[in-house]
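Read through the structures below before going on.
Paired with chain B in one complex and with chain C in the other, chain A is shared by the two complexes that follow.
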Partner chain A sequence: MSVRSATRLRRLRTPRAARRHPRASLIVGVSIILGVLLLGVLRPLMGLPAPDTQNLADVLASPSWAHPFGTDNLGRDVLSRTLAAAHLDLAVAIALTLMSLASGVLLGALAGFGGRRTEAVIMRLADAMLAFPFMILVIAVVAVFGPGLKGVFVGVPLAGWAIYARVTRSEMLVVREKDYMLAARTLGYSRSRMLLRHALPNVWRPALVLSTADVVLNLVLLASLSYLGLGVQPPTPEWGGIIADGQQYLLQAWWISTLPGLVVVLVGAGFSLIGDGLADLLGQEVRLTA
Partner chain B sequence: MGRYLVGRLLQAVLVLALLLVAVFFLIRLVPGDPVRIVLGPRASQASVDIVRHQLGLDRSTLSQFGSFASGAVHFDFGRSIVQSTPVSTLIAPRIAPSLFLIGYGLLVAFLIAIPLALVSALHKDRPSDHAIRGGSTIALAMPPFWLGILLIYFVGLKLGLFPTSGYGQGFWDHLRSLTLPAVTLGVSVSPVLLRTLRSSLLETFGEGYVEAALAHGLTKRRVLYRHVLRNSLAATITVAGVLVGALLSYAVVVESVFGIAGLGSLLVQSVSTRDFPTVQGLTFLFALCVVVVSVVTDVVYVVLDPRIKL
Partner chain C sequence: MSSDVVLRVTDLTVEFPSAPRPVRAADGVGFEVRASEILGIVGESGSGKSVTLRSLIGLVPGTGAVVAGSAVLDGTDLLALDGKSWAQHRGSSVSMVFQDAMSSLNPVMSIGQQLCEVLRIKGGLGAKDAFETGVGLLERVGISAARQRMANFPHELSGGMRQRVMIALAIAGDPKVLLADEPTTALDVTIQDQILALLADLQDSLGMSMILVSHDLDVIGQACDHVCVMYAGRVLEYGTAEEVLRTPRHPYTAALLASVPRVRTGEAAQRRLATIGGQPPELDQLPPGCPFAPRCPHVAPQCAQAPMTLDRPSPAHGTACIRWGDSADD
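Let's turn to the complex of A and B:
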C-alpha cells in the first residue's frame, strides 16, 4: 500500500475543523421563508390579480410578465394562488409541528423523570407510533373525520409526538444525573418544580433542532394529503391542491403543476438552512431518525 | 436465541392485538352516524337499517368485537359498503402491484444512495460532499407527487421513454410501467438511506480492522469494498423500520399519481368514499406488514452480528 493512500484514509477519520457559518445559514433560511410570505402580502403592489379571480378570456396562458407562473384552466393567476397557499401551508405545518413538539417534549421529559412504569408506558407507545407508517396513520384518522383539516390536526400530532419524546427522554436521562438536579432535590423542591423549572429548560434543544426537519416533513405531508383530496379542500388555494388541479392539463399547460412545486422546495430548503444554523448554534446534530 | 425469538414473537402478537382494537374502534369513533355518512342524508331509514345490520353496528360492542376479531384472523373484514364485494376480494389483486412497486423503489433507493454515500464519505467536507448533502436536503423537501408529475411530463410525455400510468401485462411490461413510479419512490426515500450510510461509512473508516487490512497491504479498493462497504451496509438494517414506513407512506401517494391499482390508491379511494370496512382491512394489512418486517429485521440483525450475544 502506498503511503499516500494511508494518509488519505487516515484523514478521513479525523474530522477537519468544519468551517461553518451558523449565522449565515440562519439568516438565509429565515429570509427565504419571510420573503415568500412577504411576496404574498405585497401581491397587489406587484400587479398580480387576487388568487380566486377568474378570467375566462385568459385560460391556460403560459408564463409571462403579467402572469409569471401562467394561468390555470379558470384563468386564475398561478403565482398568486401559490403565494396565497404559502400562508396557509406554512401556518398549518408550523402549528402541527408545534403541537407534536410540545406534547412530545413534555411526555419525553416525563418518561425520563418519572417512575419506571410511566417511562415504560410512554416509551412503548412511542415505539408503536414510530413503527407505524406515518402517512397511513394520518390517513386512517382522516378516514374517521372525513376529508379536511380536522383529521389532519388530530392525526399528525397523534403520530408526531413520538420522535420528540424519544430524543427528549434520552436527553433527560443525562440531565437527571446532573448536580443541579441533585441540589434541587436536596433543597426539597417539589417534583413538578424540578421537572418544569430545572429539567425542561435543559432538555429541549435536540427537539427544537429536530422540529425544523419536521416542519419540512409536515409541509410535504399536508401538500400530499391535499393532492390526494384528503386535506385542504378546493377552491381554497393549497400547494398540493394547485398541483393536483394542474395535472389534468399537463400537456397543454405544464406550468400549473411544475412551478408551484419549486416554491415548496425553496421553502423546504429554507427550513433546512434554519435547522443547520440552529444545530450549529446549539451544538446539536440534525437527525432524520430517532 | 430461542428465548429471544419467542419473546419477540409474543411482543409482536401483543402489538397486533392492540392494533386490532384500534382498527375496530376506527368506525366507532366516527362523529355522527357512519352509515348515514356513507349512504347520504337522503337514504331511507330501511336501507340505513340494512347497512347497519350488515356492519353489525346494531349489536352490542362486545359481540361486535368478537366477530370482528374472529373475522380478522382469517382476514375477513366483511363487505365493502361502496362496492358490495368482500373486502378481501377487493384487496387481494392489489397486493402484487404494490409489492412490485415497493421492491423496485427500494432497489432504486439503494442504487442512488450507495455510490453517493461513498463519494460523500470519501470526500468529507469537500465540495462534492456538500453538493451531495445539499441534494439530499432538496430531495427531502420535494413532495413525491410533484417529482412524479415532473417525471411524467419530461421523461414520459416529452421524451416518451416510459409509460406514465398503469401496471401493464407480464413481468417486463410491469418493469417498464413501474420504472417512473419506482424512481419517484426511490428518490423520495433515498435521503434517509444516504445519510445513514454516510455516517456509518465514516464510522467504519475509524475501525481497527480497516487499519489492520491496510497494514497487511490490501489495496485500498479491496478494503473499501470488502471491509468498509459491507459492514456499513449491514448497519442500514437498523433503519429498515423507518425505511419501510417511508416506502409504504410514499407508495400511497405514488400509486395515486401514476394510477396504479395498488393497496395505497385503494386506501385513498376508500377514505374519500368513506368505505369503512375497506379502510379497516387495509389499515390492518399495513400494520401487519410493519410488524412482520420489524420482527424479521430484529432477528436478522441478531443472526448477522455475532457480537450480539443473547
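Let's turn to the complex of A and C:
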C-alpha cells in the first residue's frame, strides 16, 4: 500500500516537466513562499486598512478594489488580515517542522547506530506516538497547557518526531554498514564522532524531504487548531481563525473563508514544489508513509 | 633488510558462531612482520586472509570473534585490547587500506575535511597545521594540484586518486603497520602498478611495515618480501616471496601458481589453463588433517593425520605439507 500510494502521490504532485527540471519546481516553490512572506511584510505600504481596524459601516462587503478579499462581519479587511497572518503562520509551521525534524533525526540516527537496547526504547516510543491519532495527541497536550501557541509547540514535536525517527533509522541501518563507516572506524574515531560527523550527514536527507510535506501538514494543523479555538487566540489574525470566523457567513459572504483558504492552498502547493524539487535534486523519493 | 620483528602474530584463531559447531575462519595463523618490509598474504576467497587482517585492527566482521592467539606490536598484544584502547591504536599503530576506494571515502565530506580530521584527532594538530600537513600528504601520495584537491569531494576523483587519498588517510597517523586489503583489486592494471609502487615507496621512505592481502600472485610477487599462503583458514606455506613463488613447497601453492594465466605462443597456447579440481572446503566441514587433501594431486592416507604446522620455523621457508619431500619425486 505504501509503495502504491507513494507513487501515486509522486505522479500527482510532480508534473513531468518539473521532474526533468528539479530546479524549476524548487524556484517556483520558493518564489511562492517568499512572495507570500514579502506581501506580508509590504502590507503596511499597500494602502490597506490595518488588520484590526473595524468599519461597521462596511461589513460583509464583497471583493472590490478597495478590499480585494472583501470584508468580514466586523468590517475588517480580509486581505489585510490574511497577509498579516502570513509571517506568523509560516514561521510557526516551519518552526514546528524543524523541531520535529531535528529531534526525530537525532533520535532515529541514535536508534539505528546505537545498541539493541537504545534502538528498542526509541523505536517503541516512536511506534507508540505513531499509533495515536496525531491530532488527538496534540489536542490532549494543548488541553494540558491551555489554548495558545505554547501547547502547540510542545504537542506537535512530541507527536511529530516519530515519523522522522523511523525514516532516519532505516537510512542509518544502511549507512552504518557502508565501507566508509568501516574505514572511519579503522582510523580510531570515537563512536560519538562516527555518529555525528560521519553517519548523520549521510542519513538526514530523506527526513528533510519528508519535512517539506510536513510543513504543509503543520500549517493545516495550526489552522485547524485555531479553527477549533485551541491555537492562536483572537484577535491575532491567523489563517485558521480567519477561515473559522468566516464559516458562519459562508452563504452571505463566501470570500471571508474561501479566499484565505486559497492562500493556504497556494502556500501548501509552494512547499510541495520545494519538496519535489529537493527530492529530485537529492535523489530521494517522497515517502509520506514510512 | 633488518630482522627486527615489529608485529608477531601467533596462533591467531577466529571463530564465527554457527550450529552445530562454530566455524573457524582463521585457525592457528602465525607470521611475523619485520621492520620496513611487506608481508603478503595470498589465498583464494574464503581462505581467511581478510578475516586475519581485520582481526589485527580489532574489526572482525559480523559475529566473529578472536578466540585464541596473540598479535604483539611493540610489546602490546593487539588481540587483548578493549574497545577504548583500540580507538587509541587504530590509525596510529595500525591502519588499513581497503579494496574498494570508491566506497571507502565518506561521500559528504571533502578530501580536505577527511584528511584534516585524522590529522587533528590523531596528530593533535591545529586546523591550519592540519591543512598544510594534509596538502603535504596528498603530494606525498602523488596527487597533483593537492591544494585544489583538498576542496574536492570523493565523487570528483578517479578511482586511482581515491585510493591514493585512502592511503594518505591511512598513513596520516604515522602507523607502524599498514594493513592493505586487496588495495589494487578494484583498479585497472596500469593504476594497480602505480598504487603498488606508491605503497612500496611509502613503506620504504616512512620505515613502515605492511601486510598486503591479495589473491593476485603477480601483485604479491611484485611487492612483497615474505609471503604467507593461506587456505581454509590455515597457513600452508610461509617464506620469502622469491622462494615461495619460485620453488613452492606446498602442492596448493604449486597448483595456484600453475593456474595463473600467461600469454603463450605456438603449441602452448592451445593447452588448457591448469585448474585446481574441486571446490574449496566448507569451513564447517573441514576434512581431518590437511584441508587441501581432497583436492591434492599428491594425497596419501597419512594426510588425514597431518598436523597443520609448518615444518620449519619462520623465517625459513616452511610448509605444512608432510609429503613434500616425497611428492617432489612424483
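Throughout what follows, the second predicted complex is superposed on the first by the 271 of 290 C-alpha atoms of A that agree within 3 Å, B and C clash if a C-alpha of one lies under 4 Å from a C-alpha of the other, contacts with A are read in each partner's own complex, and residues count from 1 in each chain.
The definition used in the following text is that contacts are C-beta pairs under 8 Å (C-beta built on N, C-alpha and C of every residue); 3 or more make two chains touch, one makes a residue touch a chain.
Computed from a prediction, not measured in an experiment: that's the story for all the values here.
After the chain A overlay, clash or fit between chain B and chain C?
Once both complexes are aligned on chain A, chain B and chain C fit side by side.
Touching A:202, do we find chain B (first), chain C (second), both, or neither?
It touches chain C, and chain B stays clear.
Which partner does A:71 contact after superposing on A: first (chain B), second (chain C), both, neither?
Neither partner.
Classify the contacts of A:100 with the two partner chains as first (chain B alone), second (chain C alone), both, or neither.
A:100: touches no partner chain.
Contacts for A:218 in the overlay, against chain B (first) and chain C (second): which applies, first, second, both or neither?
neither
With both complexes superposed on chain A, which partner does A:186 reach: first (chain B), second (chain C), both or neither?
So A:186 only meets chain C here.
What's your read, chain B or chain C touching more residues of chain A?
B
For A:178, select first, second, both or neither according to whether it touches chain B, chain C, the two together, or no partner.
Touch partner of A:178: chain C, not chain B.
Between chain B and chain C, report the minimum C-alpha distance in the superposition, expressed in whole angstrom.
Closest C-alpha pair between chain B and chain C: 22 Å.
Do chain B and chain C touch any of the same residues on chain A, and if so, which?
Residues common to the chain A contacts of chain C and of chain B do not exist here, since the sets are disjoint.
Help me check something: in the complex, which residues belonging to chain A touch chain C?
Residue list for chain A touching chain C: 178-180, 182-190, 193, 197-198, 201-202.
State the interface residues of chain A toward chain B in the complex, per the touch definition above.
Within the complex, chain A touches chain B at residues 1, 5-6, 8-9, 12-13, 15-16, 18, 128, 130-136, 139-140, 142-147, 213, 216-217, 219-220, 223-224, 227-230, 239-240, 243-244, 246-247, 250-251, 254, 257-258, 261, 264-265, 267-269, 271-272, 288-289.
Can you name the residues of chain B that touch chain A in the complex?
15, 18, 26-27, 29-31, 37, 121-122, 124-125, 137-138, 140-146, 149-150, 152-153, 157, 191-192, 195-196, 202, 205-206, 210, 214-215, 217-220, 223, 239, 241-242, 244-246, 248-250, 252-253, 256-257, 267-268, 270-272, 274, 276, 279, 283, 286-287, 290-291, 294
Within their complex, state which residues of chain C touch chain A.
Those residues of chain C that touch chain A are 57, 59, 86-92, 95-96, 98, 100, 103-109, 117-118, 121-122, 166, 169-170, 173.
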